[in-house]
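Two complexes, one shared chain (subunit A), two partners (subunit B, subunit C).
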Partner chain A sequence: MNNNINLTIDNIPVTVPKGSTILQAARQVGIKIPTLCYHPDQAVKANCRVCVCEVEGSRLLQAACSQPAMEGMVVKTRTPKVIEARKTILELILAHHPQDCLNCIRNGNCELQDLAAEYFIRDNPFELKRRGLPKDYSTPALFRDPDKCILCRRCIDTCSVTQSVNALGLQNRGFETMVVPSMGLDLIDSPCVMCGQCIHACPVGAIGEVEEIDKLLAALADPNKVVVTQIAPAVRVAIGEEIGMQTGELPMDVFVAGLRQLGFDYVLHTNFTADLTIMEEGNELLQRLNEGGTLPMFTSCSPGWINFCETYYPDLLDNLSTCKSPQQMFGALVKTYWAEKMNIAPENIYSVSIMPCVAKKYEASRPEMDDSGYRDVDLVLTTREIGRLFRMSGIDFTQLAGSDFDSWMGAYTGAGVIFGASGGVMEAALRTVYEVVTGETLQDVNFTVTRGIEGIKEAELDLAGTTVKIAIANGLSNARILMDQVRNGESPYHFIEIMACPGGCIGGGGQPITKANTKRVERIEKIYAEDEKMPLRKSHQNPEVKVLYDEFLHEPLGEKSHELLHTHYHAKNKKYL
Partner chain B sequence: MKPEELIDEVRQSKLRGRGGAGFNCGQKWYFAYTARADEKFVICNADEGEPGTYKDRIIMENDPHVLIEGMTICATAIGARQGYIYLRGEYPQVVNILNTAIDQAKARGLLDDFDIEVRSGAGAYVCGEETALIESIEGKRGEPRYKPPYPPVEGLWNQPTIVNNVETFAAVPAIVKNGASWYASIGHPDYPGTKIVTLTGDVNNRTFFEVPTNTTIREIIYEFGGGIPAGKKFKAVQVGGTSGAFIPEENLDTPLAFDTMTAIGATLGSGAVLVLDESRNLIDVLTRISGFFQHESCGKCAPCREGTMRLYDLMLKVNNGTGKPQDIKIMQKLGNVMAISCLCGLGQAAPAPILSSLEHFPADFNVKLM
Partner chain C sequence: MDYKEILAQYRDLPGGIIEAFHAIQDEFGYLPEEAVLEAARGFAIPVAEAFGIATFYSMFSVKPRGKNVIRICESAPCHIAGATEVIAALERELGIKMGESTSCGRFALEFTECVGQCQGTPVITINGKPYTNVSPAAIPNILAEYKQA
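== the complex of A and B ==
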């Protein structure tokens, strides 16, 4: 049977596999059809109607995103009728939209703004109406500005389908329709886990990170503050996208130099505490395996995932590793160990972390994250916010000479690097645990089964005669599958890595706006390329981690570790689940 | 009769849907029949949300068995075991009638392994649209789905599903009994059979009657309806419900069949006929109608959600005397775009009353403009 369909679009013959839409067929031959509600990784919604086209024989225009290509179909995408319809629909949407571009977090990166420009919307015949809905700044991580919402529903899809969190839904109907957190609550009272994936889904500025750039500028301007920063592993591969470079193009040392130009006093690396996490978490796993502790053990470095577990699986909190995330380990150490070593008064340290994540903003604000005697992490900025700062500062990265990380919490291995991708924590742990348990040197450090964007990955590992079963999930709907197994007593695994965001931290809610999973895949490749180039690729080889244990912590899971590096979890008891 | 024979008989009869879209009933069944699936469903659309329409209620109250028989024939033809009657929420009294009739039919073993459940609608007009109705039965927000896939291929719970109007199902038993050619010979050849018409507005007999489909609008108004009261003159007639076009005097000799109505830029719709005499202010009527659509738009698709609101705003403006010629142009353009771009029939048809009035009764607007 022939599974191909032949049609013509704007007189160009196209052959596509059966089941393709007009939109897919058009893209195949480079014909651009505008879209707003369409998202390449989501189910078709067909609600914005800006993709309409003429199809010969049909009185109605057809939505290119939902209309299947059919044999012999004759499609026209640029007739006066089509253009008039698209323009009118855009005018309708814009007339019920604040048109606040200059003040908008998505100015310059907004699908609606782009279309308004492309369709030269000038004298909108419809009177400007604003809904006048209040902004929701109830969470420390992300805000919602429902006035800007164009009701495409992409965020709802992400929240319910990709993340299975179901925090967003619809209220009212007709022109009073609104996207609201469940039951019309503030976001903080909804089951929202603050992963920020809806930010990527949103074509406009109706959802964004809570911006805190001003706080950094104030700290940098304060002569009494020693401003120290940590960079999370997933940030470097993506930051280039914010400053006109390719994914992964900005070299780490130039990135560091750029941060120094912004005025940071010390530039350190979260990869250091990622390596440290492996030392603690790896030993915790071995302890649980040997001493009959709660299994499977879940990784705990993704704060969106922690929120999810506390919200939806409060009965499984004992399965969570007690290890703090690398960000919070860093925060606790920078104002104790590092301060001591550098002879800097901890109260003067202003600890900033640069994260691919908005949930990290919330995590840093948790009241229990003060084991250093101060708030461990003072400020969390996302990759996007740092991108903005770079653009504001006008740094020319092509002219900038590289710079090294500062000492004592700046060294890292390839194992720390891969924390940025789904499966990376698991692979890093395996590299270390294997050598600790067997006493042998790993011949090949690459556990490729753990890699990639696939939702759930699993593997078995022989550890000196004991078979350890592991699983990895990215995206919370995948986590849910593994959690339900655990809850039902059917989980075959000993160790489960979970990252809230699709693809892991490289796809985090604070990363450059990510319109498709293909971009996540590209970033993942860059992460492993970076790991490949590292001279040291196992956490226990990190020289500065060795110093830390020798001089300060003494041993993994020791007293000091428990004081500074481990934490506990609380059921969230959300009202309307 | 075997399923293929049943379907063929219905198809040959040229019975076309009485719910508004006028699709060949047997052809629709054939799609569901050939669709491969473990489960198939039959749904009777008894939502009847169209203001001024109550033909389905008349059938259900007076002969519920003919509906159940029609649905059972459909179930036999396509291979369904579960049926639903999606009943307008405002018809609670009909629930008992239907349930009693279903029980009676079951008691006599007439349904075989087919079962019918009566579901009460949630009151939204859009839930009469077949895919919104399906969503509603599934317990979701009553919003239309994009098509294709059409319900006969992917309907309730994504299984092949036939949705037909009450009047459509009610026509089936007689077709099976008397044969396709008997039915095809009644009324207008393109849309054979009879149609129940509900007549409202400025006529002497505001009532319902069943007429062959070659009956003209004029006959409906002047013969069956007894003409316009108090010696007033005819102004306009709206056929098909709220979203119907306003038809002028010169088109009154059009038969009440599907294609004949389409040919004059109108629709047959549900068969509601609203007559306006010369004393009526069309602008006032249109303003209320556009208010109805702004209220009933489900809000899913942008052109309808925003467009119905704008049409209402503009009609209010014209109605209160502050409209400008430019506003008429905007309505015209917006209406034309909505008619071809909206996701479902509601938004596509919502501008029809305004557009047809602009065409046939421009003076009514002009006197109101600034």
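== the complex of A and C ==
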């Protein structure tokens, strides 16, 4: 049986597999059909109608994103009738939309703005009617601006299907319809875990990160402040996308030089504390295995995941590794160990982290994160915010000479690099744990089973005669599957890595707006390419981590570590799940 | 009956949550927050979704409201026949705006869509009972029936 379908679109013959939509067929031959509610990684919603096309023999225009392609179909995507209809649809959407592009976080990167330009919307014949809904700035991580919402429902899909958090839903109907957090509450009172994935899903500026660029500028302007930054593992591969480069194109040393141009006094690396995390977490795993501690142990680097565990699985908090995330380990050390080593007064240090994540903004604001005696991390900026600063600065990165990281918390290995991708923490841990336990040198450091964007990955490892079973989940709906197993006493694993965001941190809520999972896959490839090139690829080989243990911490899980690098989390007791 | 018992009666019916909301609304006059939370738990759906259902249908209210619910049809035929004047008269008589309830808790004013009585526009309903060919002058008499209750 032939499972192909032949049709023509704008007189171009197309053959597609049965079940394809007109939109898919059109994209296959490079015909662009505008969309708003359509998202390549989600179920078809077909509520915006902007993708309408003419189909011969059908009186009504058809929505290309939902209409299946059929044998012999003749589709026209550019007739005056189609253009007229799309313009009217856009005019109707815009009639209820604040005309606020100049003040908008998505100015220059907005699907609605693009279409308004492409369809040369000028004098809107419909009466402009704003809903006048208040903005929601209740979380320190992301805001909602429901007045800009075009009701495409992509965020609801992400929050409930991809993340299984179910923080968002609809309220009312007709003109009164709104997308709201549970029970119409503020986002902070809903089960929202601040992963920020809905920011990527939103085609417009109705959801965004809480911007804090002004705080950085104020610190840079203060002569008494020593502004120190850490860069998270997943940032470099994506930052180029913000400044007109390809994914992974901006070299690390040029990135560092760019940050110095912005005025940072010291540039250090979260990869350093990623390596440190492995030393602590690897040893914690061994301790739990040997001493009958709570298993499986869960990784604890992803603050969206921590929030999820505190919200939906408070009964499993003991399974969480007590290790702080690399960001917070860095924060606790930069104002103690590093300050001492550099002879800088800790109260003058302003510690900024550059993160692929909006939940990190929340994590840094947790009241308990002050073990250094100060706020461990003063400010978290996302990859997008740094992108904005770079664009504003006008730096020509093709002309900029590279620069090295500063000392004592700037060295890193390939194991730190791969923290940025789902499976990376696990692989990094295995590289170290294997050598610690067996005393042998690992011949092939590549544990490829842990890699990739697949939702749940699992593997077994022989550690000197003991079989250790591991699992990795990215995206919280996948985490939920593993958590339910643990809750029901059916989990076969010893060690589980969880990242809240699909693909891991490379797909974090603070990364350049990510319109499809294909982009996440591309970033993952660049992460492993960087790891390949590193001379050292195991965390315990990091020379500066060795110095840190020799001079300050003395041993993994020691007294100092417990004071600065470990923590405990608490049930959130949310009511509106 | 409390809402847990009401919910239990509808738990196994298809689309039971809507029926359950009807029953709770009949009992309490509106859908209290706790009832929506309980329904989400009982029907094993997220609160965000239960709230979406509770606010989608105009016959449900998630805010406390007056015992006698007066609805004015705002569909085109009633509108043309003078629903606006009827609304003004009701608002004047009760001293509240559309969407509000009287402080004594006796009356609530709401809009509705066509209730299928277009032969006698304009139409209002009180607790579901239709009154056709309503004029502003007739309002005090109609309301009198409910004022004692």
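By our rule, the second predicted complex is superposed on the first by the 577 of 577 C-alpha atoms of A that agree within 3 Å, B and C clash if a C-alpha of one lies under 4 Å from a C-alpha of the other, contacts with A are read in each partner's own complex, and residues count from 1 in each chain.
Rule of thumb we're sticking to: a contact is a pair of C-beta atoms (placed from the backbone, for glycine too) under 8 Å apart; a residue touches a chain by one contact, two chains touch by 3 or more.
From a predicted model like this one, the values you see are computed outputs, not experimental measurements.
When the two structures are aligned on the shared chain, A:181 is found in touch with subunit C, with no touch to subunit B. Contacts of A:89 after superposition on the shared chain: subunit B is touched, whereas subunit C is not.
Residue contacts after overlaying the shared chain place A:172 against subunit B and subunit C alike. Contact with subunit C, but none with subunit B, is seen for A:575 once the two complexes are overlaid on the shared chain. When both complexes are overlaid on chain A, the residue A:60 reaches subunit B alone and has no touch with subunit C.
Contacts of A:477 after superposition on the shared chain: neither subunit B nor subunit C is touched. Where the contact sets of subunit A with subunit B and with subunit C meet, they give residues 170, 172-173. The residues of subunit C lying in touch with subunit A in their complex are 33, 36-37, 40, 46-49, 51-52, 55-56. Only residues 160, 166-173, 180-184, 190-191, 575-577 of subunit A touch subunit C when the two sit together in their complex. Contact residues on subunit B toward subunit A in their complex (touch as defined above): 124, 141, 146, 148, 294-303, 305-310, 313, 326, 330, 333-334, 336-337, 340-343, 348.
On subunit A, the positions that touch subunit B within their shared complex are 44-50, 52, 59-61, 63, 66-68, 81, 84-85, 88-89, 92-93, 95-96, 125-127, 150-151, 170, 172-177.
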